[in-house]
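Structure, as structure tokens:
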């Protein structure tokens, strides 16, 4: 039990911090204090990750698993949380908001994500997904006086509860089939159950729907654009990286680690869905003039690339992982940068001629966008490259062709933003931007990461290599 | 005898569930839902899960349904019978849910359910309680976080500043 | 000088970084820095040329550093006879184009930063010997070019920039697929271009053909080969003068270089199989380009289309698959870079004065601008391959090469030879001859403009008189190539 | 001495660069630089000439270094000096120098004086190099060089649209021939043959292919020497300065085609079909051009057509094996045709018109010009004992010996027509009454002295080849292998004398006495006349067959680019965009639709599962 | 005892009714009601399997208990969201929430 507790120390720290923030917010502390508490909490939690004992395999009687996968992902989730918190600090909130509660939710969402990625039991998976969802609904409509934000929250809620409900039904079927919800025991049982593929398939599909909803894979992606659009910028940025990464982590964990899906049809289904995701994401983004929606659809398309890698089985796993990590940084950077440059407007016109007024900002945003598009030698290129490698290695030439076509389409709309920044004349109205250190830190770290991983992808690859050893 | 009871409960559950999504009045549908939930509670009793049955009645019928009714009251006028309650995709919706039902049924009935006839004599409440606080203590604690979050969320969103 | 090539590749980029640190109001310092860096690059390339062992067919100055060992991507650069000439061409035109930027007044800083990145991309493409590295440099060229056309271009700059970008992007993505495919098809898996040279020819015929076509498609867009050429007139016309010079002088060569570096040695069967089609495309390019140029009314567009025509010779030379043809092809690349670079500079000179490129606006410049007439005449003559000027040698070798392999194609392309003459004489006639059309008297070329053209004219004359100057560097490498294919 | 032969073209070449680069500074001096350079070349040429003749050396070759290596052969810049070369060198240098001197007067008022001399120096350099080189590819290189100079000089007065057009036309038309030459060279190269003229006799290979090669090489010669049907450029080329017409389009460059055939004669000899073709083409050109010359009114055009006709005769002679006859006529023709052109130039210089009907009585006003012109005309007409008489006689003899009656008849007819139209020019322009009121002055000395010198050559050069004079010195010189004694063929002498005299008489009757055909004959004559007057409509046919389709093709390609290729590209973009806007509409904003998508997705997946797995099941 | 299949059929039916409700109801509250049906369908499954399975660890019941808790939390948040949007739009009909589209 002691070791169990020591395992979840980072989560406990987060919970403590969250509670402290809730209280501090309630007693009306100053904004700056809340910011500091939030950052400190995440930082302490991050450092406490080093103290997590490595010798135990599972804690809380199998509820959580302590392996390289979960360890890396928990660290990763904390990084995401840190970026989100920093971006939230730098963000100019347009209306009065409850900052204490806001950080409370962000930290609790982080806790849920950490539980999700280290879960060893279907119960934990369900609960953490549900917790993450509930918090997300609240965060999405955090501008409660804003119609768009509220609508986003409601839509997210309506879509999300159905997904998690269906997932729950799938889990119940798994329970019926195997008599257990422990992932490792399920794995053992599955071998016995080979004759009952259809029921298992039904369960798998329902569970898959729940994960795919988080990972925004077609046709479970429809909420993405509307929710990102309505949600506040930092929240949208958070959604685009945190829950999505968790969705993919769970897909990997459940469908690879425990091969819930029978591999014979997994590839087929996954390829079809990946293709659909790429097409729908890219083509929907094609005409967008709303940068936030554009980025939302682009994140759908990016999910498609990642999923295409996953469809290739184990060979694509590392590529997909690489992609997720890179994607997090470039997408976060893009969101943070647009939100900073466009001063909270999401129309593309707000970015007109920004290269004259803010050359560095325009440059950094271009880096993120081109990296998202996959231009070498930025990190996004390597991400796509490894995905393509795995696809071609598996001889899915057609899929590779489609991916490449989609990249072309994607180039169009990413470049459209870049074009607006560089080719157009600036707007006559001078916008004043508040540049805070936290924004700078977010932008700089993401930009560095994107460029560094572009020039020396080896470092990240070696790191991932440890994971898959 | 027990077979009759089951079919009766099943009928109650099914019929009231269908009614709860088809009657025009939202208020009525909430009441039908209550009936469904109650029948399900009975089914739990029938399946030797008395504790769950009690929880079902307490939390659902007592808690959630009250909330529902409050919500229906708060959002006035929507109980009006004259308002269209179904959207434009009634028929596609019906079709696809019927299709889903058929196909899920077909798939599920191919399952190994006939093998599961061990019929354990009923699980002691103590076992459940102990499991909850030992083996499943983490989920159990986690639920409290979820509830806390939901509570705070409800306050944050629900409170109206003048 | 162990890292000579790395220095050459990244030196321009260093210049770009340095420029980015200079405040934007110091325009003259920025220009000076850019020129200085290009001069130094050219200097280092000059050193490279002198140290280069021209009796060896091997790749020289090889540098190999593991980059991503997981899948065997290495940083490998090296130079051989095929790339040396093009590297020199790039450095030379790079310097000239950096000098010819008097017309660039908008956002000078950004211009030179992008320009320096472009230089790195181009030099890297010619020097990289790892397929992935090659691809990365290849792509690096795209974005700077997109901006250079899109921001500093003419009236329809945006259309041209998009068109250029997507044409080449589509092409290069196909190449990316091919690169990855070839990696998985050869055993042991490798991206090392030198190793693939010995591995790829053992692939089975179908794979060879498909991969050949994929690579070819990518290169075809860049070269450009009919019917993938329509980006070229637009891009060339809309780009500012120095960018046109680079575009025509160097960028087109990247495609042709790829053809020689990848398509020819890797897929001997496919090359054999497609040689005739390649030759036909070359002939079509030659004739089509000349014809389409003939009826243009825009001076720059005429030159642009003539590039299409000239690249036909390059294709013909490759299709010939013998040392004569390949030598001709490679030489033609170099020559075309010099000549068309000069041509675009000359168009730019005129545009700076007339602010139009319509042919009808010109005429009689031979009397009013005799120096201009001198340079334009020499360049035009070299363009249509007047013996004694450099163009002829490349064209002749290409045609001779293709004659040895496909006599009828040579006969067909000879029609193109006549059309090219008609084209350039018409240009001379319309621009230089006749009565001056403009009431305004345009000043003749100044010293600053002549200094740009002099090296080009000298090289044109030098190579024309004594082609060995260039041929000696490439001969051994070409022989090796012929032995392989 | 002969080892300095490579300097011959170098002098003018240096003069060219000096003039082109320092033109402005040099001013009038540039002319004397050019003249000095060619004078040096002339002196060197004659030095070598006499050196070789006295040493009785017939052959000198040397290599100046390799140029390029192709198909395993190293092509080097080599020099071949034999008697043919020497003859050509002498002609080119002498005529060239004289014409340059003449040009000083002729071009004195031109604003581009220095450039003129620069071009002409370049021409001299290329032409001399062309004559000197020892293999076909090198010849091709300089061949193009002279073509370029010809083009530049035709279009020298480019302000005249006609001149500019003529320049372009000249180059393109000759380029057609040149391309043939290039392919011919390639055929030889590809079959592994040496391109040296000295090795051409030993060429082996498939008869058909080699004949094709020979024909293609001849195509090159046709282009340069303006043989039918590639002759169209030469009349137009008369837009250039007359001195240029004299030098390039009468004496030297156009003769290069004949020179090429003579130079590769050993090769042609082996392929009778090619030789026949040469003869036929020569014959057609000869008679066709001569007939056109009879109707033309422009004095320069008359001379131009005459040139075509005479070159045709040379080709004809070469085609039937009359190597000596052809080259002999080449030499004599160079001098008297240059003389005629310069005379015409002098006239034009004075009267500012080229229409012979606006001249008249010039002989009295311009004594020197008139007399020298008449000498040239008589030489051309083949009136003995002027030089043309002897060379024409040689051609007749060669034709007669070859035994082709038709070709012989053609030659006779051509010769008759030649005499007729030259007489016409003289009667109309130089004799008769003056039709101009203004003062007409004789040209300055700098122009008349070259005329006199050329007239001297026109009169006496023929004796070199006259059998009774120095025993056919020319014949033995040009064809050293020939040893038999040349005899006078009196039959031919009488025939040609009668011919020319008849023609002159006829011309006298028509143009001086106003004799007209009976009206009945006139009607037939009129259509024929019209046909000839319109130059057999060859220009129109060219226009219809080549130029118009070419322009149409060009426009078609342009359209194809814009409409089809770009059309496809734009269509791809549009389809993507339309698809995108359609897919975008899926995002309806209505949550029930979203849920429906979701359930549909699950439903489809279930279908897949049940379909796939149940089958396995 | 009745066979397990029958209970499963019941739960599938309940699930389908829930899906039907979700798809066709325009009232957000009725949507919530349908969701509750789906959750209960899953719970029936859990309880029934718990009964029929040989493992006497009460896992099904524990999970069902947790699900009830989560369902409560979700309902609370959902209803609050509905009320929040009702305050802004005076409507709880989902087809009125269509500002965010395309």
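Observations, loosely collected:
As written, the chains take the letters A, B, C, D and E, and residue 1 is the first residue of each chain.
Definition applied: contacts are C-beta pairs under 8 Å (C-beta built on N, C-alpha and C of every residue); 3 or more make two chains touch, one makes a residue touch a chain.
Note that the structure is predicted; figures quoted are calculated from it, not measured.
Under the contact definition stated at the top, the chains bordering both chain C and chain E are A, D. In terms of C-beta pairs in contact, the better-connected of the chain pairs B-E and D-E is B-E. Centroids built from CA atoms put chain E at 26 Å from chain A. Taking each chain's centre as the mean of its C-alpha atoms, chain B lies 103 Å from chain D. Each chain gets one centre point, the mean of its Cα atoms, and the points for chain B and chain C are 72 Å apart.
Chain geometry summary: the mean Cα position of chain A and that of chain B are 31 Å apart. Touching two or more other chains at once are residues 123, 127, 130, 134, 137-138, 141, 144, 153-155, 158, 162, 166, 173, 176, 195, 198, 201-202, 225-226 of chain A. Those residues of chain D in touch with two or more other chains are numbered 584, 587, 589-593, 595-596, 599-600, 602, 606, 609-610, 614, 617. Annotation for chain C: residues 166 touch two or more other chains. By the definition given earlier, chain contacts exist for A-B, A-C, A-D, A-E, B-D, B-E, C-D, D-E.
Residues 355, 359, 370, 375-377, 381, 385-386, 388-389, 392-393, 397, 400-401, 404-405, 407-408, 411-412, 415, 419, 422-423, 457-458, 461, 465 of chain A touch chain C in their complex. Chain C contributes residues 67-71, 110, 132, 135-136, 139-140, 142-143, 146-147, 150-151, 158, 165-166, 169-170, 173-174, 176-177, 180-181, 183-184 to its touches with chain A in the complex.
Across the complex, chain B is touched by residues 1-10, 12-21, 23-27, 29-30, 32-34, 36-37, 40, 43-44, 47-54, 56-59, 61-62, 64-66, 68-77, 79-84, 86-87, 92-95 of chain E. By the touch rule above, chain D contacts chain B in their complex via residues 590, 592-593, 596, 599-600, 602-603, 606-607, 609-610, 614, 617. Those residues of chain A that touch chain B in the complex are listed here as 4, 8, 15, 22, 60-61, 63-64, 96, 98, 101, 104-105, 108, 111, 115, 121, 123-124, 127-128, 130-131, 134-135, 137-138, 141-142, 144, 153, 173, 176-177, 193, 195-196, 198-199, 201-202.
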